[in-house]
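Each of the two complexes below includes chain A, the first together with chain B, the second together with chain C.
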Partner chain A sequence: MKNKDEKIGGRMSRVDAVLKVTGGATYFAEYEVPNLTYGVLVPSTITRGRIKNIDTKKAESAPGVLVVLTHVNAPKVPAYEAKEPSKTSSGRGPGMMAFHNDEIHFNGQPIAMVVADTFERATYAASLVKAEYQEQKHQTDLKANLAKGNVPKTNKSLQDYQRGEKDAYKTAPVNLEEEYVLPSEVHNPMELHGILAQWDGPDKLTVYAKTQGVKMTQQVIAETFKLPKENVQVHSQFVGGAFGMSLRVWPHEIATILAAKKVNRPVKLVITRNEMFTIAGYRPHTHQKIGIGATKDGKIVGISHWANVQNSNYEEFTEATVAMTKFMYQIPNVNTTYRVVPLDICSPIPMRGPGEATGAFALESAIDELSYALDVDPIELRIMNYPEKDPERDLPWSSNYVREAYKMGADKIGWSNRSNQPKAKMEDGMWVGYGMATGTFGAHRRPATARACLNANGTLLVQSAASDIGPGTGTAMVQIAADVMGIPANRIKFELGESNLPDAPIQGGSATVASVGSAVHEACIELRQKLVELSGNALKNAKVDTLVYEDGKINSPKDRSASITYAEVLKRNNLPKLEVTKESKLSEDQQKKFAMYSFSVHFVKVHVHPTTGVVKVKHAVALADAGTIVNHKTASSQMMGGAVGGIGMALTEEAVIDHRFGRYVNNNFADYHVPVNADVPEVDVLFVDKKDPYTTPMGSKGLGEIAIIGMAPAIANAVYNATGKRIRELPITPDKLI
Partner chain B sequence: MKAFQYVRSTTAKSAIEALAKDPSAMFLAGGTNLVDLMKRGVTEPDKLIDISRLPYTKIEKESSGVRIGAMALNSQVADDKLIQEKWPLLSLALNAGASAQLRNKATVGGNMLQRTRCGYFYDTEMDCNKRQPGSGCGAKEGYNRMHAIFGTSEHCIAVHPSDMCIALAALDATVIVQGPKGERKIPFADFHRLPGDHPEKDNTLEKGELITAVTLPDSPYAKNVHYLKVRDRTSYAFALVSVAAALELDGKTIKSARLAMGGVAHKPWRLLEAEKALVGQTVSEATFQKAAEVAMTGAKGYEYNSFKLKLAPNSIVEALKIAAGLTA
Partner chain C sequence: MKTSKKKVENEARRDFLKQSSVLSALVLSPGKAVQDPKWDEKVAAPFEKVALKLEVNGVKHNLSVEPRTTLLDLLREQLHLTGTKKGCDFGQCGACTVHSDGQRVNSCLTLAVTEDGKKITTIEGISKGDDLHPMQEAFIKHDGFQCGYCTPGQIMSGIACIREGHADTEDEIREYMSGNICRCGAYPNIVDAIMEVKKGGQTV
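The block that comes next holds the complex of A and B.
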C-alpha cells in the first residue's frame, strides 16, 4: 500500500467527511417514514408530588392532534408493571417510569406527550395541557443536603477505601485541606435528543435512535417491552455528538414507543434545547474535599478525598470521582469516601471523562496548591511522587509515559517562562499565568465482534454494531482493516450503527477503538490466513510469516513471482466472497496482570485582566499517552475537542437551579455558556505515541475521555499562577477574580 | 407557539393602521427577539405586522448629525463608513452585541425594543411582574447574577440587555417615532424607563407607535472612545457590565466626556455626574477612579450580583483608560 496515511498511525481523513458536509449523512430526526406523526412533551411544573388531575381536553380537540398520552391512558409497559424500569440486564433502562403512574420526581419530568400530524401543531397543543398537582416539599440543593449522602449500593469500587493510615495528611509536616466544587454541566451536543419509533406489527418494532449503542438500545427496548431481541431493529448510523448523554434509553424514548403503539403510526420525538437540560442527564454537581500532606522535601505521605455527588431520587448513579486519587501518585496512606446525595432532579449520566474529570479538578488543584506550599515546581512534585507501579492494586502499568508527557508539554508551552511565584508577570496589561494538570482514565477494552467480508472484486466490507458519535470510528476501522489487509481505504467499507450487525459494546469509556478495532484487526488477520490457505501454489511455499499484504495482494518479498491478488484467490476457489466473523476480547488473565490506563497532561498559558477578572486562555498544549495513535488526524481533533470542553468546564459552564422552585433558570444556549471560537486559543496536540504491549493488537489505549480530564484544573492552576487567587468553585467567571 | 396571522406592510401608514386595529398585534422587524419570546409563550400576539420592508433602512448624513433608519440592520450600521468615522462608539457597541448572524438580521428599532433576558421573565412558570403584572418578582430573591444595581424597584430588578443602546445613550441620540397622532421625537434618555410600579413598560413608546429613525447630533467623540463589555465568554454573551466611554481631549485635559453603562439598570445608564467630574481634569487613572466613584452613587447589590458594585467602577476606569490611550 502506497498511502502511509491509510496505515495505523497515519492521518487519514474521515471516510464520512463528504457525506457530513454535504448533508448526505442522515441523522435520526431526518428520517421521514410514511404516515409519520410528531410527539411533543409536556413537562411537570412542580418538582415533587403527584398529578391530581390532568386536563387534556383542549389539547385533544386542537387541530391535528391524534392523542395526548398520559399515565391515565398510556399502554402498559411490561417492565414497568414488574416495577423494574432500570433492571434491564445492562442497567441502562429508562430508570423512571414516565406515563406509568402519577408520581413526579423532578421539575420538567414529562407528564404527557401530544402526538399530532405536524410538529408545530403538537407544540401548540402541548401548551394547552394543564395539570393539577398535589405538591410535596422538594430538595434540589446539594449544598443544603450534604448530610443526606448515602454509601453507594450499586458500585463496589466506590465503597469507603483505605490504604495505610486514615487521614494521615493531618500529621504531615506540610498539609492542606480544601473544598472543591463543580457545578452541574450539561452535555449539550449539537444534535438534540429524541427517537423515531414505528411498530411493524404487534410485537415488532423499528426505531431510529440517537444512541451510543444500537445493541444497548435494542436490548433495553426488548427487555422493557418483553419482546424477542431480533424483533427490535435499531438504526443509528450517524449521531451528532453525545458526550455520554445517549448511554442509556431515556424515559421519553419509551414514551415515544408507547405513543406509536397508541396511534398505530410512527412517532418522532425531538426534544427541545431546554429539555436537554431537564430530562436527558448532566454531569452531576459535586462537592469534594481533599486533605493532602507531604514531607518538607515533597514526598506525599497521605491524601484523603471525599466526594458528595448529586443524584436523582429514583435510581442510583455513580461515577469514579475518587478513583484517580488512589493510584495517580505514590502515596502510602490514602482514604476515599463517596456519597450519593438523592435530590428531586433527573438522574445524571456520564459526561465526557465521567467522574475522573470532576475528581481531577480537586486532586490536581490540590497537588498544585501543595507545590506552592512546598515552593517546588508542580511538575517536579508530580515526578517526585510518580508511582513505578499501580499503588492501588500493586500491578505493573501496561504502559505509563506520563513523565515523558510532562517534559514534552513543558517544552511546548514554554514552562521555563513560568515563575513559581504568583502574580509575577504582566503582558499587555494582563497577569500572565502558567498551569498544568494530569488526567487519567482506564484503558478499557470490551468484548466485540467484527465481520470482515472480502468480495470477488477484491473490495472489503467490515461490519460491527459500533456507534460513531463523532470521533471518527468508521475512519479508524477502515484504517485498521486497510493496514492489516493491504487494501486501499477506498476499497473498504465499514458499516456500523445497525442492530443487526455483529455485537459491539456501547461507545463509552473511550473503548471503541480498543474493542471494535481489536475485533476488526483480528478478523482481518484471520481473513488473511484463510486467503493464504486458499492460495494453492501461488506463493510457491514462501514462509507464511514472511508474507507481505499489499495492494490487495499477498506477496512473498523473497520471490517476486510468488504473489497473488485476493480477487484471484477467490476466483480460483470459485468463491463469490470470503467471510470471517471474529469475537475479540482481552483475556481476564491479562487484565489481572496489568494496570491499564491512558494518561493526559494539559498545559495552559492564561491572561487575567487585573480589574475586570476576565480570563483568556492564550495557549494550550494537550498531550496524550494513549499508546499507538491509530489516526493522528482524528485523534488530534478529539484532543482539541476535549480541550475546548475543558475550557467550558473551567471558565463558563454552569447549569443553575433556583432551589425555591427546583427549576433551571439558564437552560438555553444564550444563558448556559459553552465556549465560542473566540474563547479557544491555539491548541497544540502532542502524542507520546508509544505502543502499549498489552492492551490491544494495535497497541492503542483510549483517548476520548482523557482529552478533557485535567484541562479544567490546568486552567485553574494557571489562573492562580497569574493572580494568586485560588478558585475552588468552577466556573472561573470574572466575578470570582475581582 | 400560538397560531398567529402574518401581514406585511410596505408603508408606515399602513403598518400603524394595522396595529391600531388590532390590540394584540405586534410589529415584526428582524424577529430575533420577538420570535424567541413567542416560542417561549412569553409574548403571544395574534397578528404580526412585518415592518422589515419599510423604507427606513438608510444611514443619511444630515446638516448636523446623522439619521439612521429604524430598519437598518445592526451589521449595516456597525460597518457604515460614516458611523465608523464620526461615531465609532456606536460601531464598537454594536459589534459587541450578539453574533454576526444575529446582527445581520436585527434592526436598529428592534434592538432598542428587545426585552430583558431575565430568566424569570422568560419562564412562564415563574413569577414576573414584567411579564404578568402583579405576579411578583422571581429574581429579587432568586438567581439575580445578571441583574440591576441601579434604579431597581421592589417590583423588578431586570436589566435592559442592549449594547447598541448604551452607545446611543452616551451619544445623545433622539428617537423618531410615528404614530396615529403623527410624528414625535423622544430624547434617548427619556425613551427607556425605570421599572417603578410598572415594570411591564420598558419604554415610553405609546401603543401604535412605530420607530422610524434614530438621529445622532454631531459629535466631537471620533477618536478617544471605547466600548468595554465584560462578559462570561468572549463573544455571544450579554454584558455583566458594559461601559461606553467617550472623551474629548485637549492635550491631556478633558474638554468633555460621555459615559454610559449597560448591564446595570432597567435602562441604559447614563452617568451624567461622573461626566461632570471628568470635565476640566487631566487624564489619569486617579481622575478616572474619582469619576467611577461618583458613578456608583446609589448602587445596590443583591445576593448574586453584588460583584457588580466592584466590577462596574473597575470597568469604568478601564474603559476610560483605553479611550484615553492610557493602557498598553
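The block that comes next holds the complex of A and C.
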C-alpha cells in the first residue's frame, strides 16, 4: 500500500465525507417511510403534582389528527404492567414510564402526544390540548437544597473515599478552601432528538433512532415491550452529534412506539430545541468544595473534595466528579464526598467528559490557586507533584506522558511570555492572561465483535454494530483494516449503526476505537492467518512472521516470486468469500495490572477588556496523550471540538431555571449561548503520539472526553492571570469581571 | 368510539367551512356531499392550501401548500430533499440555510408561500454530477465537520459569504459565519475551508 495516510497514524479524509457534504447522509428523521405520520408532544406546565383532567377533544377533532395519546388511552407497556424497573437490565432504559400514570415529575414532562398526518397539523392540534393539574410544591434550586444530598446508592466508586488522614489540608503550612460552581449545561447536538417507529406486525418493530448504541436501543425496547431482541430492528447509520444525550432510550421514544401501535402507522417524532433542554438530559448543576494544602516548597500534603450534584426525583444519576482528585497528583492524604440532590427536574445524562470535566474545573482551578499562594509556576507545581504510579490503586500507569505534554504545550502557547503576577500585561488595550490545566479520563475498552469478510474480487467488508456520532468511527475502522490487511482504503467498506450487525458497545466513554478498533484489528489478523493457511505452496514455505501484506497480496520480502493475491487464494480454494468473526476484549489480568488513563493538557491565552469584562480566547493549544493516534486528521478535529466545547463551558453556557415556576427560561439557542465561529480562535492541536503498550493492539487510548476536560479551568486560570479575579462560578460572563 | 370520533371530526370541519364566507352558501344548503368527509377534505383543500411555483435545484415544481408550511418542512417532508437540516426551527442555528435567488436564507423562518416564483438552491443542487463544488471539496480537505449535521448549512452559508464579499480575512469569515452553529466545534477548519475557496478565486 503506497498511501501512508491510509495506515494507522495517517491523515485520511473521512470515508463518509462526500455523503456529509452533499446532503446524502441519512439521519433518523430522513428515512422515507410510506404512510408516515407525525408526532408532537404536549408539555406539562406544572413542575410537580398530578394531572387531574386532560382535555383532548378539541385536538382530536382538529384536521388530520389521528390520535392524542395520553396516560388515559395509551396502550399498555408489558414491562410497566409487570411493575418491572423501567430502567431495564442495561440501566439505559427510559427511567420514567411514558404516559403510564398521572404523575408529573418536572416541568415540560410530556403529558400527551398528538399524531397527525402532517407536521403542521400535529403542531397546531398540540396547542389545543389542555390539562388541569393538582399542583404540589416543587424544588428545583440546587443551592437551596444542598442539605438534602444523599449518598449515592447505585455507584460504589462514588461513596465516601479516604486515603491517609482526613482533611489533612487544614494543618498544611499553605492551604486554601474554596467553592466551585458549575451551572447545568445542555448537550445541544445540532440534530434534534427523536425517533421514527413502525410496527411491522403485532410483535415486530422497526425504529430509526438517534442513538449512541443500536444494540442498547434494541435491548431496551425489546425488554420494555417483551419482544424477542431480533424482532426489534434499529437503524442509526448517521447521528447528528449527541455528546452523551443518546446514551439511553428516553421516555418520548417509548411514547412514539406506543403511538405507532395506536395508529397502526409509522410515527415520526422530532422534538423541538426547547424540548432538547427539558426532556433529554443535561450536565448537572454541581456545587463543589476543594480544600488543598501544601508544604512551603510545594509538596501537596492533603486534598479534600466535596461534590453536590443535581438529580431528578425519580432515579439516581452519578458521574465521576471526584475521581480525578484521587490519582492525578501524588498526594498522601485524600478524601472525597459525593452527594446526589434530588430535584423536580428531568434526569441528567453524561455529557462529554462526564464528571471529570466538572471535577477538573474545581481541581485544576484549586491547583492554580495554590500555585499563586506558593508563588510557583503552575506547571512546575504539577510536575513537582507528578505521581510515578497511580496513587489510588498503587498500580503502574499503562502510559502517562503528561509531563511531555506540559512542555509541548508551554512551547506552543508561548508560556515564557506569562508573568507569575496577575494583571501584569496589556496588549491592544486588553489585559493578557495565560492559563493551563490538565484533564484525564479512563482509557476504557469494552468487549466488541467485528466481522471481516474478504470477497472474491479482493474487496473487504468489515462490520460491527458500532455508532458514529461524529468522531469518524468508520474512517478509523477502515484505516485499521487497511493497515493490517494491506488493502487500499477504497476497497474496504465498514458497516455500522445497524442492530443486526455483530455486537459493539455504546459510543460513550471514549471507547469506540479501543473496543471496536481492537476487534477489527484482531479479526483482520485472523483473516490474514487464514489466507496464509490457504495459500498452498505459493509462499514457498516463507516464515509466517516474515510475511508482508501489501496491495491485496501476501509477499515474502526474501523471495520476490513468493507472493499471492488474496483474490487468488480464494480462487484456488473455490471460495466465494472468506469470513472471520472475532470478539475482542482486554484481559481482566491486564486491567488489574495497570492504571489506564488518557491525559490532556489545555493551554490558552486570553484577552480581557478592562472596562466591559469581555473575555476573548485569543489562542488555544489542546494536547492529548492518547497513545497512538489512528487518524491525525479526525483526531485533531475531535480535540479542537472539545476545546470549543470548553470555551462554551467556561464563558457562555448556563441553563437557567426560574425556580418560582421550575421552568427553564433560556431553553433556545438565542438565550443559551453555545460558542459560535466568532468566539473561537486558532486552536493548535498537538499529540504526544506515543504507543500505549497495554491498552489496545493499535496502542491507542480514548480521546473524545479528554478533549474537553480541563479546557474550562485553563480559561478560568488565564482570566485570573489577566485580571487578578478568580471566578469560581461558571460561566465567566462579563458581569463577574467588572 | 370510532364512529363518534368521526362525527366530531366532521363537525369540526363544517365549523371551519362555515367560517369561510365564500363557502357559506354551499354549506348552508346541506347536501349528502358535505356529509362525506372525503369530499369535505376536497372542498377544504383549495381554501387551506395555496398554489406555489418554485424552482428547486433547477427542477420546476407546481405545488399546493398550506400557508403555515415553512420552506424547510416543504423541502424535507414533501420534496424529500433532506440535505437541508432542521436544527432549531427558530432561525437560531443556521442548519437550514439555503439560497433563495442566490441569497442565503434560513429556510425554517421562510414560509414556503413567500417564495413563489423564486429559485431555491439546496446542498443537493451545488455539485455537478460527481464533481463536487469547490466549497464541498474544501470542507472535505480541511475536515470542516464531524457529525455532518450542520454541514449543508455551513457550506451554503460559506458560498454566500464569499459572494457577499465577506470572506476577505479570517476574522471577517468568523463574524459572517456566526449564524451557523457547529456543536462539534469545527469552526477553525470551516474558516480554513472558506479561506481556501476564496483564495482559489473560482466563481462560487
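We take it that the second predicted complex is superposed on the first by the 734 of 738 C-alpha atoms of A that agree within 3 Å, B and C clash if a C-alpha of one lies under 4 Å from a C-alpha of the other, contacts with A are read in each partner's own complex, and residues count from 1 in each chain.
FYI, contacts are C-beta pairs under 8 Å (C-beta built on N, C-alpha and C of every residue); 3 or more make two chains touch, one makes a residue touch a chain.
All figures in this text were calculated on a predicted structure; none of them were measured in a lab.
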Just chain B (first), just chain C (second), both, or neither: which does A:119 touch? second
Quick check on the superposed pair: does A:612 touch chain B, chain C, both, or neither? Answer first, second, both or neither. first
Contacts for A:738 in the overlay, against chain B (first) and chain C (second): which applies, first, second, both or neither? first
Of the two partners chain B and chain C, which one touches more residues belonging to chain A? C
In the overlay, answer first, second, both or neither for which of chain B and chain C A:27 touches. second
After superposition on the shared chain, which partner residues are touched by A:591: those of chain B (first), chain C (second), both, or neither? neither
Who does A:678 touch here: chain B (first), chain C (second), both, or neither? both
Of the partners chain B and chain C, which touch A:645 in the superposed model: first, second, both, neither? second
Touching partner for A:127 - first (chain B), second (chain C), both, neither: first
In the overlaid three-chain picture, which partner chain does A:670 touch, first (chain B) or second (chain C), both, or neither? both
Shared chain A contacts, counted only where both chain B and chain C touch the same residue: 120, 124, 668, 670, 675-679
Which residues of chain C touch chain A in the complex? 5, 8-9, 11-13, 16, 44, 48, 66, 68-69, 73, 76-77, 80-90, 92-93, 95, 122-124, 127, 132, 136, 139-141, 143, 145-152, 155, 173-175, 177-191
Chain C contact footprint on chain A (complex, rising order): 13-14, 16-27, 29-30, 32, 57, 60-63, 118-120, 124, 187-192, 238-241, 243, 270, 272-273, 469-472, 633-634, 636-638, 640-645, 668-670, 674-683
Where on chain A does chain B make contact in their complex? 45, 120, 123-124, 127, 428-429, 609, 611-614, 616, 651-652, 656, 658, 660-661, 663, 665-666, 668, 670-671, 673, 675-679, 731, 733-735, 738
Partner chain A, residues of chain B touching it in the complex: 1-3, 41, 117, 119-120, 122-123, 125-126, 138, 141-143, 145, 228, 230-238, 240, 307, 310-311, 314-315, 317-318, 327-328
